[in-house]
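Two complexes come next, and they have one chain in common, chain A, joined by chain B in the first and chain C in the second.
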Partner chain A sequence: MSWSSPLPAMALVGAVLVAGSYVVAVLDAAMAGAVAGRRTRLGDAALRPARHAALLLVTRRSGTERPDARAWALAPALLAAMAAVGVATVPLSRDVAVADVADGIVLFGAAMAVVMVGVFLHGWSANSPMPLLGGYRFIALALSYEMPLALVLIAAALPAESLSVGAIVDSQHDLWNVVRQPLGLPLYLVAGTGLAFWGPLDTCDAADLAGGTAVEVSGPARLVWELSRRFVLVAVAVMGAAVFLGGWQGPLLPGAVWMALKALALAALITWLGHRVARVRLERFVVVAWTVLIPLALVDVFVSGAIAL
Partner chain B sequence: MTRSLPVDVAFWLFGAGSVLSAWLVFRTDSMVRAAYWLLASFAGVGVVMVLLHARFLGLVLVLMMAGEMTIMAVFMVMFMMNPAGLNPMTMVHQHRTAKVAGVVAFAGLALVGVVGDFPDRPADPSRDPTAALGRELLGDSMLIFEGAGVTLLATMIGALAIAGKRGRYGDAEHGSAPPPLGMAAPTGGGGVGGADAAAGPAGGDEHPGMAGMEHP
Partner chain C sequence: MGLTRWLGRLASGADIPVFAVTGAGGRLIGEEVALLPGVRVVDSPREANILLVVGRVTAPLLGPLLRVHDQLPAPRATVWWPLEPDGDGLRSAIPGLVAGRPGDGDGLRRVFAELLSGARGSEPPVLPDEEPAEWRGVGPYGQGGTGMTGGVPYGRPLPARAPDPDGLELDQLPLRVGPFFPPLPPGLVLDIGLQGDVVRQATVGDNPFLSGPGDPSAGPEDLDTAAFFHAVASPRNVAELETARARHHLRWVARSLRLHGLDARGLHVLALSRSLTPARRPAVMALAGELGRSRSLAAALRGIAPVTGHDACGGPTARAAGVAVDARLEDPAYRGLGFSPVVHAGGDALARLLQRLAEAVQALDLAERAGDLVRRPGPPLEGPRGPLVAGAPGPSAALLGLLPRLLVGQEWGDAMTTVASLDIDMEEAAAGRPAAAPA
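So, the complex of A and B:
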């Protein structure tokens, strides 16, 4: 499908991000209740994100002494824009893809690398100690997950003999990559959890830093930040569904429904892990990433390459 | 990318943006801002490369530079004892040398641009530039690229060895003490002597400006 004007394509990407992040927020609220052993009514969980957003909208904005205001405002915009770029590279059904470009997986990697800049700027430009520590923590985290993330995506591109996400989806016609490359999805989920700084890898906005990079942000700015970090999670889930779970392919149901179901399943898995797994210490994660995850990702690349040959 | 008006407009827009942000690297007063203006400049060059059909190279440039500029900013903050880099400090030094070097470099590049004999070989649009690049990297140019890669890796390890806590100059915390919070900074003269006494054998390379941090 070709797009005669960029507006519908942008609207589609925006709708995927907004709808996806709302569903993720609802799942998060429902799971928080379930984990705590509370009975959460469905209607309550479904409305909670909207109530939270409304509260943030009327909350007064706070500020710090001499922040870098432009960089501070840029940070969530960078996250949201890069999440949109990531979603745009993925075919959402058999013939609907916003920008299934020939080097899609590289474009996704580049967009996700810029997320690191966004989170660091969010911490740095507040001119306040806790956000700054959060920003530094995210750099350490990002430098640890970037390599496994890039390597598992490269491994997934090998059987397709193409860097295009559409070709990677097509290459899973007979066998999904989650079966063909059993190391791929688990490593991708660890890296993606770090990328969205979610749950056990939420070290930069963590409670032990009183909220990390977001501690000085309140009101509408806080809403924008929380939305944009959920956008990143949605982009991670959508790309994971396309690269490891066969994308839009599936029996009976239309392709877009399969795509939505698979992406939601991955987002739900990450959200559930966020409630079930304790936050890891960053030093420990860095060591594990460089001594275990990267070698495993290299094994994934070599084995996948040997099979693809 | 086939030539059209939007592509031409984007080319000039991102080209000009690249030059502007490169100039801003030297106009800002913080290392983090300087690093990210440089990243903006590189990103503009990356977009121009994508527009010129070098999609893979352009995207990889953005991918690598996003990480590298962040690392550069962090390393500069670590080396320069300027926590966070939000404290304003001048980004330009050695004005005369810089001016001479800038003029010479510009003249040299302009000379090449004006009198250089550039090849005029329109590329075959059906040829995949990414595949061609891959063959080049793992073919004739493999030795050069692998040599550069190993050199850069050695440089990184060296930089880490110097910056590390137990690095080249001994334990980073040797002879140091936390700054006295809430107290007026000690005067310079007495502090220097105190630093020499406290720092001991490894204290020779202590910066005199740091003496205020030492307990006598």
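So, the complex of A and C:
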């Protein structure tokens, strides 16, 4: 079967995003229960996201006074579409790749840059102050995520001498990039957590804004927003697994299983940090990003380039 | 139809999204709703199906409460935990509301299940669905007037321009938050002028807990520091008072953690505060050590809203600024226990966190050593926010007085951290103060 044909491609990418985000939701609930000291039964934890989704589906969507309705509806779709583009560029096993294009990591970086537009639209179009503040916050921080993300992906491409994600996975046959480029994965995770506005980098939908861009959203619209946000997290985890953890490579198990396990491990790490690390302050994070993260990412590029030469 | 019923059945097992609104006397119970199994306290009414009203709704709170009510999406229901026999104001304003016993999680679940099964209809709006100002826009975007930035859209003026510290002229967005804005203490209303994310002006609105016409006066029994107010005039066991002090500080820690995105950790601390006894001191010490070492919390709090010894406030806020003031120093009951106040340097939000954690540990140590020791009325009493004097405004009134100055110039997030770090209680600020003038 050709996974690059439209229908199989959409089915595969959709399945990865939906299944991945469901597992992330279960993990998140289980971790929250553990941190809160609550006993959670496995069955309850497994069903919780489905029940929550059902509740949002039977809850009516509410409006605000004169919102930009089209942009409001478009925002989560944009996020979901960009997450789908991101996942599509990653080969899920040796033989399963939807769009392992020659410029895969460039396409991924471009898709993640458009996430900024989606989040801002979501905040702006509600015509309400808290969502607007949330949207501006993401704009203020987005470049601080995107620069390190692009740089560490370029660094990962250097040993492969290719921008294709498949080639980058192949280049890790002997040594994973997480070992070869120790700066890469931590920087990528910080940037990816920010792009998925998760945990300590969830500044745009934060508690100090009573929910930020999502303050005014209810019912199915909230479900779509929550899903889209998890889709971005899944895309970040899948790309991280491919670029830094050797992708589908591993002994005994099928490649797709290795890929799923590695992506899950990254998603679990991001989710766990979300329950352990306090939210950052905007200005301080921007300072840290431009004085520490971006210079470190440049060092990563230069050192990786020198080694590759 | 079948699909809707199936979804409803599946949804009835979901955590109940509750938006909790706190009236007079309801703060403690309102916060503990988050500990009820199967209940999820949410930050926005749009996210909730149940509006939970805890305590007495004073006249100034009724209007904002009704506006919150209409923001809940259908299916919605209102549950009221009145705490005491109340007037009919709320009942007539929201005819469908269900009165329940405070803390009754089963009652919440019953209402939620009825709502989803269709046995209970969704409450209709209680306010007319009208725009707050007459439509006066012109053109497809209602910009009004002439040009894209001229005119009065929707009958409201565009934000006025004001200079910013860089000498630029920028829009200043007027914004009112409260009295039910979750990051703020219940009842606090702030009128804020925002330039971008920065607070340029701040004014504290009228306190809705100041008793007005038709409102019973707020009594000490309504306060979250009731045990301390009672101890001003009557003998009280020192161990009981100090355990209540530690419990108070842990509740504050739980609120702060939630504000900084650590909801689950906050729930853990809230549960610890509820079951607190002097024997749990090791657990509180471990918590103090863990939070004290947290670099992310330190980064989130360091340097925010420093208070100095010259600011007219007492209690942990002053002690966190290195001022060793504490009414317990003059109290014979505490002198026998060898009490000396803990102090921290800096006076910022981080110092206030470390101060309260240290005071919680110290309070449990005092409680453990106090045995049956009883504190007699007479000397000033140190409450968890500062000294309490009969008939005078509580320490929250002084803390509230710091607010406008501390907020101006801060980013929104830091401004919310500032308010939370001061541990203000609007009911305590109202206690002992004269009633509001009739409207």
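Simple rule for what comes next: the second predicted complex is superposed on the first by the 304 of 309 C-alpha atoms of A that agree within 3 Å, B and C clash if a C-alpha of one lies under 4 Å from a C-alpha of the other, contacts with A are read in each partner's own complex, and residues count from 1 in each chain.
One rule holds for everything that comes next: a contact is a pair of C-beta atoms (placed from the backbone, for glycine too) under 8 Å apart; a residue touches a chain by one contact, two chains touch by 3 or more.
Since the model is a prediction, treat every value here as computed from it, not as a measurement.
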item: Which of chain B and chain C A:A235 touches, first, second, both or neither; value: neither
item: Chain B versus chain C as contact partner of A:V165, first or second or both or neither; value: neither
item: Partner chain(s) touched by A:Y136 [first = chain B, second = chain C, both, neither]; value: both
item: Which of chain B and chain C A:A25 touches, first, second, both or neither; value: neither
item: Partner chain in contact with A:L79 - chain B first, chain C second, else both or neither; value: neither
item: Partner, of chain C and chain B, that touches more residues belonging to chain A; value: C
item: Contacts of A:A45 with chain B and chain C, given as first, second, both or neither; value: neither
item: Partner chain in contact with A:V35 - chain B first, chain C second, else both or neither; value: second
item: First (chain B), second (chain C), both or neither touched by A:M116; value: first
item: Set intersection of chain A contacts, chain C complex versus chain B complex; value: 66, 136
item: Touch list for chain B against partner chain A, complex; value: 30, 32-33, 36, 39, 46, 55-56, 59-60, 62-64, 66-67, 69-71, 74, 84-86, 128, 130
item: Contact set on chain A toward chain B in their complex; value: 66, 68, 71, 101-103, 106-107, 109-110, 113-114, 116-117, 120-121, 124-125, 127, 132, 136, 139, 142-143, 146, 163
item: Touching residues (chain side chain A, partner chain C) in the complex; value: 31-38, 47-48, 50-52, 54-55, 57-62, 65-66, 129, 133, 136-137, 140, 199-200, 202-203, 206-211, 214-219, 222, 274-284
item: Contact footprint of chain A on chain C as seen in their complex; value: 4, 7-8, 10-11, 13-15, 17, 37, 42-44, 46-47, 49, 71, 73-75, 116, 131-132, 142, 154, 173, 175, 181-183, 194, 196-197, 257-265, 267-268, 271, 294, 296-297, 299-300, 411-414, 416-417
